[in-house]
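The two complexes that follow have chain A in common; it is paired with chain B in the first and with chain C in the second.
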Partner chain A sequence: MADTAGEKKEYWRWQESCWIDESKDWRAAKIVTAGIDVGSVSSQAVVCVDGELYGFNSMRTGNNSPDSARNAIQGVLDKSGMKLEDIKYVVGTGYGRVNVPFAHKAITEIACHARGANYMGGNAVRTILDMGGQDCKAIHCDEKGKVTNFLMNDKCAAGTGRGMEVISDLMQIPIAELGQRSFDVDEEPNAVSSVCVVFAKSEALGLLKAGYTKNKVIAAYCQAMAERVVSLLERIGVEKEFFITGGIAKNPGVVKRIEKILGIQAVQTKIDSQIAGALGAALFGYTLMQKQGASAKAA
Partner chain B sequence: MSGLFDQFKEWYEKRHDYARAWKGRTGGQVVATMCTYTPEEVLIAAGMLPVRVLGAHEPQNVTEPHIFGMFCPFCRDSLAQGLLGRFDYCEGVTLTQSCIQYRQAFNSWRMHVPTVKWDYYLPMPNEVQSRFARVMHYAEVKKFREFMEGVIGRKIPDADLKRSIEVLNENRRLLRELFEFRKETNPRVTGVEALYASLTAQFVDKEEHNRELQRVLAEVAKRPNDREEGIRFMTIGSENDDIAFMAMVESVGSTIVIDDQCSGTRYFWNEARVQDDPIATIADRYCERPACPTKDYPAHTRFDHVLKLAKDYNARAAIFLQQKFCDPHEGDYPDLKRHLEDNGIPTLFLEFDITNPLGPFRIRVEAFLETLREEELF
Partner chain C sequence: MIANYGYKDGSGEYYISIDTDKCIGCAAERACLAACPNEMFEIITDDYDDEVAAIKQSFRRSLAFDCAECKPAAGYASLPCMTACTPGAVKHSW
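So, the complex of A and B:
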């Protein structure tokens, strides 16, 4: 995996994915809606048919929000044979939510992640930790997935997905392997003292020089990230059930450490945790369409 | 905005030009004032223009040798303006005691801003609830008057003090009249407009400001109430002149209808109770005004005052605009938050710095709005 001359490996590059539920026929659906989550690091498009997950596309955000939104939805369209006009309602969310050219409405990712988590983890979910590319959010919601309280990290992107990408590149280990490798250590190290991406990078290099294995450095960084997000969670309190969304939810090295500190297990799901925001947006689109239909009938 | 508040906006944006022009026109001295507890009546009676020091909300690198980085951004930004020469037209600088960080900023200002010719620190008691506070403050305002007489080289007659009390009281009355329009459904005065009016009162010649307020008040009543108010917000905190932030909040489906901030109501809320002795009138006025957290103990009088404002102006929710590292406000925050929430006013906490990240703030404000709106999404 070492870099060779003229070839720069991108260890941080996580797997983009596109999936549709072949068991569903979108042409038979009454209402097709989409949610587009243009985040700072990744963009997702989710398509729902009659309020059920049908397909999604998850990819890296480019330098242009409208293009990222178009590229994201195009993946699902290509795979399903759908056209954009077949989607009756589109909700934009994420940092680029107001720059989704074909969206009918923009809703914050805080509301969308709560709604998505409610779908993915069930209506007993009350606390959501969204660990995104450049921020993290602690969210409380009710049984419908409506946000009742929330907190975001302040200004600095420390302890977020971008930090993990930097460590991945520094260690020259693919990002998807970091979590598992963090458990392969002779003893659990102390957390790195800073989760600031710049300082943590220097500290990680120092630890390597001091004789730490790469796995142990990764473990120290995962622990630091877990401690940071737990401090955010504890500011609003953790109520059961607890659910984690966002890209870092796929990193067991961070998730298990969060669970250990909190003494609580996160609800498991088979759905890709990274699509929670876009899924919530698509579900909101479905509700809004239903309400529009109901009001049109009433009129 | 229909142009009605354009004069206030222009004064705010060109506040240094205004002060220089005033000085050229009148030949009077301009005084940089720090903290709204400054008894401006004395300065105005001495023929001076009090100009409150505000920040510029720009990155700066000049204050580190003087005050700590963990002093509040308003202190650091205020000192930076002095060190950068933005107030080079001010002969004097004065501070009335409020918080210790502000006092350090003032000390650096008076020592290191080369254009300052005189300075005065007015040691107002922080425990204004003490039975000795008014006696002490009376003596301090009297000493301040004597000092100012030394600066201008003549006596300040009682009649001049009484006149300045009248002018300031009129300013307070007119601002409250303007703020009354914010009680309406779909208020005719937005939070941004109200902020322009209350901020400019702190550095524009008061008589000129009064004339502009009278003009605006005569016109504003003719405005239609056709702007949808959305969610009605109150803002709470120390100083706030972040117009871009206020405009952003009011652009995403809300209206800021009232505040408890020293850039707003705390500056002008109570008139001075006119007594025979003008010094007593002035001293009592500042002891009686809505309290800043530095002067609100042992009883927390501001908690019920803030709640009453929220209720009177029908605020649906409140946003705390917390200057980072502002200990007095941060100390009040947990109890004041609980007090408001126990009385049906949900709150959002935002931490302000010299420059603020509008994007992340917008997400928080919009998400807060989504929690407050009717359940159209469910």
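So, the complex of A and C:
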């Protein structure tokens, strides 16, 4: 992110990542499945071996969903030495789920996020907030990760990752630093009043001109985002345990404020929160393969 | 499962909720499909392989406008979709 003349900085650009569990040997596994989550902003591929997380790749979605799906899975294949043929069942999910060329089945991201959160946060998780790139979902599920109530807001970018990217660029602060900097204020400001990202951006500019520090403006935006998504959660009812998925789960400035409003803490996990949908899809694939195996034995 | 289709924007909350548990094996013979003058309902196979009613994707971001003609201001005392759904699976938030 060098500050050279003529080079446009991309403050919004988040860290892509690829990870493999070196302690597992996929060649020894009975069933290898994959989940591909092609979202509006990011794409993830997750590979599971015998129903356990083995590896994932998380990257920016390009302008072509099939290519994004191929690129996402290729990262895991390259790192593991696996071939696509070694994966027995692939489930596509997310905004571009029907455009995953090598998927055997497409399942909505709502069901997949619930299943993924159940794995990542444990079977006590009942309420899930998925703060995606261009939408926000509030989900209630049972102990098996089956959805019992959901709502989704994809009409407006308020309360989404894209909204945070816009503020990151406007403040000229890397997106990964926004959350922490939002706490570095002398007093907690009121939330920006507009729920619309376009108007919130205008309002943020106005606050800067009125003498707010950048950190204070970020705090005001994080608070607005928290209030926005909490109103969605309240519609389905919040029940413990509470889990947050999606890229915004990595932003403590928003997460802590949501927790403060709700009065409950979100379950913590070491697994990347952005892969929940793809992980759920891979787990669905594992269950479907098991069912197929059971049917074949019975026949 | 309660499926909420719709959105919240600066003007308010507009959700149609469908209780899919009441929808499975519909006792009203899918009357919602014919009751809606805009034909906004459809039958889908959900993620758990159940055949249930849903709001078509093309209407999910414009419910405030699409449902306006059935609301009290347009002369209706009750909503046709809710009246037709005798199991009581359909609800409007506004």
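Note that the second predicted complex is superposed on the first by the 294 of 299 C-alpha atoms of A that agree within 3 Å, B and C clash if a C-alpha of one lies under 4 Å from a C-alpha of the other, contacts with A are read in each partner's own complex, and residues count from 1 in each chain.
Keep this in mind: a residue touches a chain if its C-beta (ideal position, glycine included) is under 8 Å from a C-beta of that chain, and two chains touch if they have at least 3 such contacts.
The structure displayed is predicted, hence computed values, not measured ones.
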| item | value |
| --- | --- |
| Superposed partners chain B and chain C on chain A - clash or fit | clash |
| Which of chain B and chain C A:A220 touches, first, second, both or neither | neither |
| Which of chain B and chain C A:T148 touches, first, second, both or neither | both |
| First, second, both or neither for A:I107, with chain B first and chain C second | both |
| Touched partner set for A:C196, first chain B, second chain C, both or neither | second |
| Partner chain in contact with A:I236 - chain B first, chain C second, else both or neither | second |
| Chain B versus chain C as contact partner of A:T287, first or second or both or neither | first |
| Overlapping contact positions on chain A, where the chain C interface meets the chain B interface | 107-108, 110-111, 146-150, 152, 154-155 |
| Complex contact set, residues of chain C against chain A | 1-4, 6-10, 13, 15, 47-48, 61, 93 |
| Interface residues, chain B side, partner chain A - complex | 351, 353, 357, 359-360, 363-364, 366-367, 370-371, 375-378 |
| Contact set on chain A toward chain B in their complex | 95, 107-111, 115, 135, 144-150, 152, 154-155, 284, 287-288, 291 |
| Chain A to chain C touching residues, read off their complex | 107-108, 110-111, 146-156, 195-196, 231-232, 235-236 |
